[in-house]
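Think of it as A, B and C in the order they're written, each chain with its own count starting at 1.
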Amino acid sequence: MIKITGTAGPILSVNAAIMARDVTKAFGQGETALKALDNVSCEIRTGEFFTLLGPSGCGKTTLLRLIAGFEMPTAGQILIDGQDVTGQPPNRRAVNTVFQSYALFPHLSVAENVGFGLKMQGRPRAEIAATVREMLALVKLEALAGRRTGQLSGGQQQRVALARALAPRPKVLLLDEPLSALDLKLRKEMQVELKRLQTETGITFVFVTHDQEEALTMSDRIAVMSAGKIQQIGVPREIYTAPVNRFVADFIGETNFIPATAVPGGAKLADGTVLPAEGEGSLLIIRPEQLRLLPAAADGALPATVESVVYFGTDTHVHLALEDGTKLTARVPSPADGHSGHAPGQRIGLGFAPGAARLIRE
Amino acid sequence: MSPPPRLSEAEDRQRRAATRNGWLLSAPALVLLFIAASGPLLIVLVYSFLTPGKYGDVSWEFSTSGWVGILFSRDIFDDTLKLADAHLTIFWRSVKLSLLTTAITFALGFPTAWFIATRPPKARALWLFLITIPFWTNLLIRTFAITEIIRNEGILNKVLLAIGVIAAPLRIMNTDTAVLIGMAYVYLPLMVLPLFAAIDRFDMRLLEAGYDLYASRMQVLRHVILPIVRPGIVAGSILVFVPSLGAYVTPRVLGGGKNMMIGNFIELQFGQGRNWPLGAALSIALLIVVMLAMLIYVRAATKEDTPHG
Amino acid sequence: MADRSFEVSRLPGFAFTAVTVFLALYLPIFTLVFFSFNAGSVLSVWQGWSLRWYVEAWQNDVVKGAAMRSLLIAASASAIATTLATMAAIGTTRRRRFRGQTAIYAFINQPLMVPEIVTAVALLIFFGVIKSWTGYQGLGYLILAHSAFCVPFAYLPIRARLEGMDLSLETAAADLYASPWQAFRHVTLPLLAPGIAAGAMLAFVISLDDVVITEFVKSAGQDTLPTYMLGQLRRTLTPEVNAISTALLVLTVLLLTAFFLVNRKKD
């Protein structure tokens, strides 16, 4: 049998809470097998808020379940706090999970739910009671300690699930789309709440979401995943401003793509214009808010034609076409009276904010 | 192309543990069922190929007499085989009564199931409970109850005599009719429940579509309802036909000694008949027929399912 | 008939047939119960109210023995069947699909498919051999036989309940440091309890009602209530049989009502 080999894992660093080394997970066997994770390596640092971001089916849950121990990897290793835990059952791993469905025990009270992990570990009663009180205070649910979980609202259940997972003081807390079942307002509240909990407890959070805004606002670092692979790992600003490929650029925010070739000092477009741009590759990207709409004759501007104008309230989207037919979208703040002053068919010049354009690989 | 993935050791261990625990947990039930339900059927199969003992039981010599005896009897004088008319009569009665029971329970059970399914939810639960009670009630008690109705001095005759419909009591007991009435009575819930389940899933808006397209009530019944609830009809028919064919208690109580069905005929071989191999062969034959009926049912049910997804 | 609107689900004669069917279904049962209170000793000649036949049945040692035997067998069989069925149901549901799962399922439900008379004959032969080998003639055979055919009846409601239970609850327990046994003890079992109760009740009812297999398996002097009644049906009947039937009927209805209440509470 051929062993699946991959690139060497990242250098082991002292402060890695979690390390995944060349992890592959296949469901099914033989030719029909589906690789939910394909040779994934990453390192999650102690104390950070780490987010797995990607479209549905890209393998986020699978990676989380491998870390928790609900699934075993087809190849590769999982390390928690420097210890190889591959093959260990979940009840021996010092990580806890907040489930997407919460998975609260319906036959137990709120307090019993929160104390469950400690009880299973065989901690003394007094300690359990104290920790439960502390945890309920942390999530502001002291008043509901005796309730059955079935009588709680969605937001309250969410807090119980959090308290329950935090109570045994895990090294890492795994959260699988914990906010997706909440309505928008509650969701915003819980985002703040989660961030606060993470700062207060200092526990490493691994957070799964497919909401890019959530990822950008909450995370210390983000791993963008697609089709079972990690595409890019970085701090939010880096992911947004310097995506490494088309997938990341397209998935995070909106982007204009212009075919180009790298030349010294910038990128050459099809019509020969050379724009200053960093990076390398054959695709020039520029965010819609970085485009400037100038008069047609403006100095150094790229000639373009307005195709349509869509009013969005705070800003207005202007859809444009370059001479060679490349379509672009510009986002400009809407003026006070709402009229942007642009109309379909109008010829204009396109300007670029300095450093806004970037070359990336396909 | 990367090579097709192979299970890692940890995955393999996890999978093997699942299989092992699954089997281990099921093992006690499987062992019990093997000892006291399925396994002994193999002994019956063996016995069907042995020679009858003088005073019942068997003597351990191979013989096909049990199987031959199902259809033929050996003449006492010239030792030739001829068709055993008495046996054929019993088989024919069993099949006939089982089919009739199925037909009657369907004719009565379909309107009943329809009625239950079209009640408002609260009332429906109550009606359903009412049909479930006889389902779980002792078969013997129900047979006994119907006996009291159709006996010569029973309620039915009393009422009919009193209102002058008949001059002399109807003699129903110990006839095929009595067995038929009894079986229809005791097995009716077995027909109603699966029919109800099918009708309950039936989308009543299809009826509106039917009427909208100019169908009459009978046409809607024939062309819309019956085809769609067919799996329920097949299930109900099998659930009634199979126990009817193997019925023992009802024909024994209502049919008297003469109107035997296969079940009673089998018992006879282990009692006064003293022909255990014949009884064993009959049992296996009955089992095979029942399994075939089940197979037809499974076929029909899956065939119905495939086009609908 | 205030509402003359066209009701799509009405079909001609259906309601009438249904109501007739219900009447026909219950009339014999009510008659049976009614005559159990008859003062006279002829079955269908009403001679006034009396509890005489209940008293006679109660004082009849044979009946009492049969009743005790019935209850003992039903209690043992439903306990055994429910325990084994619970284990099997957990074995076949709370894990990823494994090889042989369908085979186990089919095997457990097999008693539902074999005609009772065939199983009865098979057990007659098999237990007959064992009886002559070991010389043991006790109730063990009946309990064993009843346990076996009760297994699928206990298995089905338990399995149904398990399938309705979120598997992530056990996953959560494992995540919170529960060993497989602890997860079962503290999560699965408490949530499964209503299903187990339902299974046990059905098994009890089924065992209590059995005639055919008991009739073939029992040794001399091991009549249960149903086989005792079957024997009585050959003689001149007295309302005593009605009284016994009514008692059994009431027990069944009580158990079924409890079953429905237990099952309803879950939703």
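Couple of notes before you dig in:
Everything that follows uses one rule, which is that a residue touches a chain if its C-beta (ideal position, glycine included) is under 8 Å from a C-beta of that chain, and two chains touch if they have at least 3 such contacts.
Quick caveat: nothing in here was measured; it's all calculated off a predicted structure.
If each chain is reduced to the average of its C-alpha atoms, the one that sits nearest the average of all protein C-alpha atoms is C.
A centroid comparison over C-alpha atoms places A as the chain most distant from chain B.
Here B-C and A-B were compared by C-beta pairs in contact; the pair with more is B-C. Centre-to-centre separation of chain A and chain C, using mean CA positions: 56 Å.
Work out the mean CA point of chain B and of chain C, and you get 18 Å between them.
The distance from the centre of chain A to the centre of chain B, each centre being the mean of the chain's C-alpha atoms, comes to 60 Å. Chain C makes touch with chain A in their complex at residues 166, 168-169, 171-179, 182, 186-187, 190-191.
Chain contact summary for the complex, chain B toward chain A: residues 2-11, 13-14. Within the complex, the chain C residues that touch chain B are 6, 8-15, 17-19, 21-22, 24-29, 31-32, 35, 43-44, 80, 84-85, 87-88, 90-92, 95-96, 98-101, 104, 107-108, 110-111, 113-126, 128-129, 144-145, 147-149, 151, 155, 202, 205, 208-209, 211-212, 216, 226, 229-230, 233, 241, 245, 248-249, 252-253, 256, 260. Listing the residues of chain A that touch chain B in their complex gives 1-2, 4, 24, 26, 29-31, 33, 35, 38, 71-75, 86-87.
Partner chain C is touched in their complex by these residues of chain B: 15, 18-19, 21-26, 28-30, 32-33, 35-41, 43-44, 47, 57, 108-109, 111-112, 114-116, 118, 127, 129-134, 136-142, 144-149, 151, 153-155, 158, 185, 188-189, 204, 207-208, 211, 217, 221, 242-243, 245-246, 248-249, 252-253, 262-263, 266-267, 270, 276, 279-280, 283-284, 286-287, 290-291, 294.
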